[in-house]
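Below you will find the structure I want to go over with you.
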Amino acid sequence: MDEIIVIEHHKPRLRSPILIEGLPGVGNVGKLAAEHLVDELGAVKFLTMQSKHLPPQVLVGDNGVLRLVDNQMHYYIRKGKGNRDIVFLTGDYQGITPEGQYELSYRALQALEKHRVSRIFTLGGYGVGRIIEKPRVLGAATSPELVEEMKGHGVVFSKGEPGSGIIGASGLLLGLAAHWKIPGVCLMGETSGYFVDPNSARMVLEVLVSILGLKIGFSALEQKAQQIERLTTQFKEAEKAMADSRAEDLRYIG
Amino acid sequence: MDEIIVIEHHKPRLRSPILIEGLPGVGNVGKLAAEHLVDELGAVKFLTMQSKHLPPQVLVGDNGVLRLVDNQMHYYIRKGKGNRDIVFLTGDYQGITPEGQYELSYRALQALEKHRVSRIFTLGGYGVGRIIEKPRVLGAATSPELVEEMKGHGVVFSKGEPGSGIIGASGLLLGLAAHWKIPGVCLMGETSGYFVDPNSARMVLEVLVSILGLKIGFSALEQKAQQIERLTTQFKEAEKAMADSRAEDLRYIG
Amino acid sequence: MDEIIVIEHHKPRLRSPILIEGLPGVGNVGKLAAEHLVDELGAVKFLTMQSKHLPPQVLVGDNGVLRLVDNQMHYYIRKGKGNRDIVFLTGDYQGITPEGQYELSYRALQALEKHRVSRIFTLGGYGVGRIIEKPRVLGAATSPELVEEMKGHGVVFSKGEPGSGIIGASGLLLGLAAHWKIPGVCLMGETSGYFVDPNSARMVLEVLVSILGLKIGFSALEQKAQQIERLTTQFKEAEKAMADSRAEDLRYIG
Amino acid sequence: MDEIIVIEHHKPRLRSPILIEGLPGVGNVGKLAAEHLVDELGAVKFLTMQSKHLPPQVLVGDNGVLRLVDNQMHYYIRKGKGNRDIVFLTGDYQGITPEGQYELSYRALQALEKHRVSRIFTLGGYGVGRIIEKPRVLGAATSPELVEEMKGHGVVFSKGEPGSGIIGASGLLLGLAAHWKIPGVCLMGETSGYFVDPNSARMVLEVLVSILGLKIGFSALEQKAQQIERLTTQFKEAEKAMADSRAEDLRYIG
């Protein structure tokens, strides 16, 4: 099979779209924020990526219907002549190996080539290991000019934070975007790193909608967070059972 | 070498066959059930898949003759004009990496393309971490219609079970089958997850034969379970010895 | 780079050669036995396989000169009209992943295709977890006829031993040889599994030279064993140091 | 995406250049030494290698600007008619799998093919597990002649050191260079292996500049070591946090 299977549900015509990424990660901050935006704006799914770099797993909905885990893209057409449209990249998982992470990020950018993305915002959490009352929104960008522009929107650029750089899709998409000459910014909400953090996601979103000139509500975010928290607990229990059984089976592999 | 070597022993002509999968997994429920059906129906092996995604291992029979580990397909021609034939997918192991699991499931579906599979049943165990007296048979399906149909056969669809979705071939075959527009169902017998469970396998089989209108005996099932249990124990001991020795050798790899 | 780089130093003309494999494994029994035969017979190296499936390592000789780790083939031309020549497959390591093990075994058989190998003997250790005074030589073969033939040479075929089958090149070469219709036998010397075991290697060799009608001395074997023991200790110390430092570096990979 | 993306910033014309490698490793001795030389000589970056065999990570500079982790080559044109120019191979990481290490080393040599490298020096640390006051510079080379030549420059060739050979790029580049018939030497500074070691790097550099007839200062080396030490500590903390969170997420993968 292909490493990544790309299924196009629609072929929208987009005007120099802005790409917003929010995949699972620290505190699920990016995923929470991006999915909330998709819901609030009523963005339309137009592309699905399945891949052997994702877990070998189907998810089962409350109605008993299953679907393969994936990464998805939604689009949102903005009203007004000069406005750039928006594309969202979200999904169930990030690639499960370093190689898979590279492949998935690269393929996402490749799939968007024809739409000529004009800017990328990747959203994530910045784990600090302690409870944060007022999360800052930290940033990193692809050029000094963009750093300055973001500072004007309240994004914090703090020397030595994050000291280890950015790991995963939020970093790779920006790093690889240079091959398409697309500028971009990573927005990271401070979070403890211990649980799903809707508060941090909200801080990131408030900065983002101010930059983009969007208007959205936030009431559904808290609900969504509770729902994710519940699912996560269930997942972990079942995954643990599965891992224990797999660990048994595969012990001889070393 | 090819990632997967497909060897066709026969080229049967099959009528819109139903695919039944039972590979090793939790409680070996799926493997037990599917292999029991193969034996009871006298199904004929027609295809072998060898792969570098399976363990690098040969098995030695009681007569001292060895064979490479593999996945196999058997077919069973049903009497009667309107009846659909059956194909079984069984084997020694599932793929040993996530990538390998995708490849093996995809290749199995590809190999059956010309037979135009009409429906898939994947069989597995649902580990609950405690001894179960009367195992339920849980289900998940590719469409709401199929969910309803299965409920009529006593399959339980329970919101939030399995919470983590379905991992491995039983999930992937159904998730990937969408590319061939094949509908399907996963039948999961409740099991502790601590040992090979013929009782759970029997519950799954009773539902399945009722759906398919087959008649089989069950006396050999208990024996088969004991045989698998014995082999598994031997495997694990030797595998452990091997793993220990390999861990030694490869320690510097990290 | 190619997955496996095959370098042919000579192009010998061989008469239906017998392939004898002895790579590192339990007790280094196979490696010890095969390398002793190479030395005693003065077999000539004619083929080197380098591969990214082997460790990323060079070995440094006592003279300070380094060489990349590899697998090698030697040949030995037997006198006499009806006699089949011999090819040896030895090396520094086996493949370090399951996939790598498949690739290396398959490629070795492919490289020998033109020589039309007539039979394969793979040599290994059978770890029993306790000190063995008089190691038996256990066997497994590709056909019942070959099992009978080997019994005549004192090879023990014992139901349920090895219960886990044979893992690594000694198994794979025989399992994959079916694609070239080459029959073969695995000879396994009992060994504790705790250290390099020249005594077990000698038992295997005595059976093998009786089968092949060869005459060799054994005095160098004991010396070689002592030398390997010493090297192994040095390796492990250095590897441990390296592993500790790498574990540090790569901790973030998870 | 390609396994390795090679970006050529300049196309210098080089005279039989000498390749000097210093990538991260034990005590970061090689990296410290090579990067110090690059800085002292004002060598010019002409080639960048990005790869899915490197961590999926971007680094963030003090100015908030990010860049993808990579391996880099710099060149230095030497004055004087008979002098050979110098190419440096440095970078943020080595390949994170054995396969990745092979691919990156092979690709680096391939990228330099047209420049006809005349000799390779790979620089590294030799971890001895205790604090060293006066680090020796140990060597290994591709031929006995080169061993003799190096002894004349004070390089120590000590039987059984390093007992485990050389793991990683410093070994592979020399082992694979045989395919291009390029001779080479590995220079290893003794180091405890517990921390970044500028003292060991200086010993290696003093030998190297004596061999090459270069003149450089050493004052910046201690500063550079402190800087790397600080970065490494920050990296490790953040990486640990990330690894912990990833371990959580991926627990079910086994």
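A, B, C and D label the chains in the order they appear, each numbered from 1.
Convention: contacts are C-beta pairs under 8 Å (C-beta built on N, C-alpha and C of every residue); 3 or more make two chains touch, one makes a residue touch a chain.
The structure displayed is predicted, hence computed values, not measured ones.
*Asks:* Which is it for copies subunit A and subunit D: same residues on both faces, with over half shared, or different residues?
*Replies:* Both copies, subunit A as well as subunit D, present different residues to each other, with under half of the numbers appearing on both sides.
*Asks:* Looking at C-alpha means, what's the farthest chain from subunit C?
*Replies:* So the chain farthest away from subunit C turns out to be A.
*Asks:* With chain centres taken as the means of their Cα atoms, state the distance from subunit A to subunit C in Å.
*Replies:* 49
*Asks:* As a quick test, compute the distance in whole Å between the mean CA positions of subunit C and subunit D.
*Replies:* 35
*Asks:* When you check subunit D against every other chain, which residues touch at least two of them?
*Replies:* Expected reply: 55, 96, 98, 164, 167, 235-236, 238-239, 242, 250, 252-253.
*Asks:* Could you please specify the touching residues of subunit D with respect to subunit C in the complex?
*Replies:* 24-26, 55, 95-96, 98-99, 101-103, 105-107, 127-129, 139-144, 147, 157, 159-160, 162-168, 171-172, 174-176, 178-179, 186, 193, 235-236, 238-240, 242-243, 246-247, 250
*Asks:* Can you tell me which positions in subunit C touch subunit D when the two form their complex?
*Replies:* These residues of subunit C touch subunit D: 1, 5, 50, 52-60, 62-69, 96, 231, 234-235, 237-239, 241-242, 244-245, 248-254.
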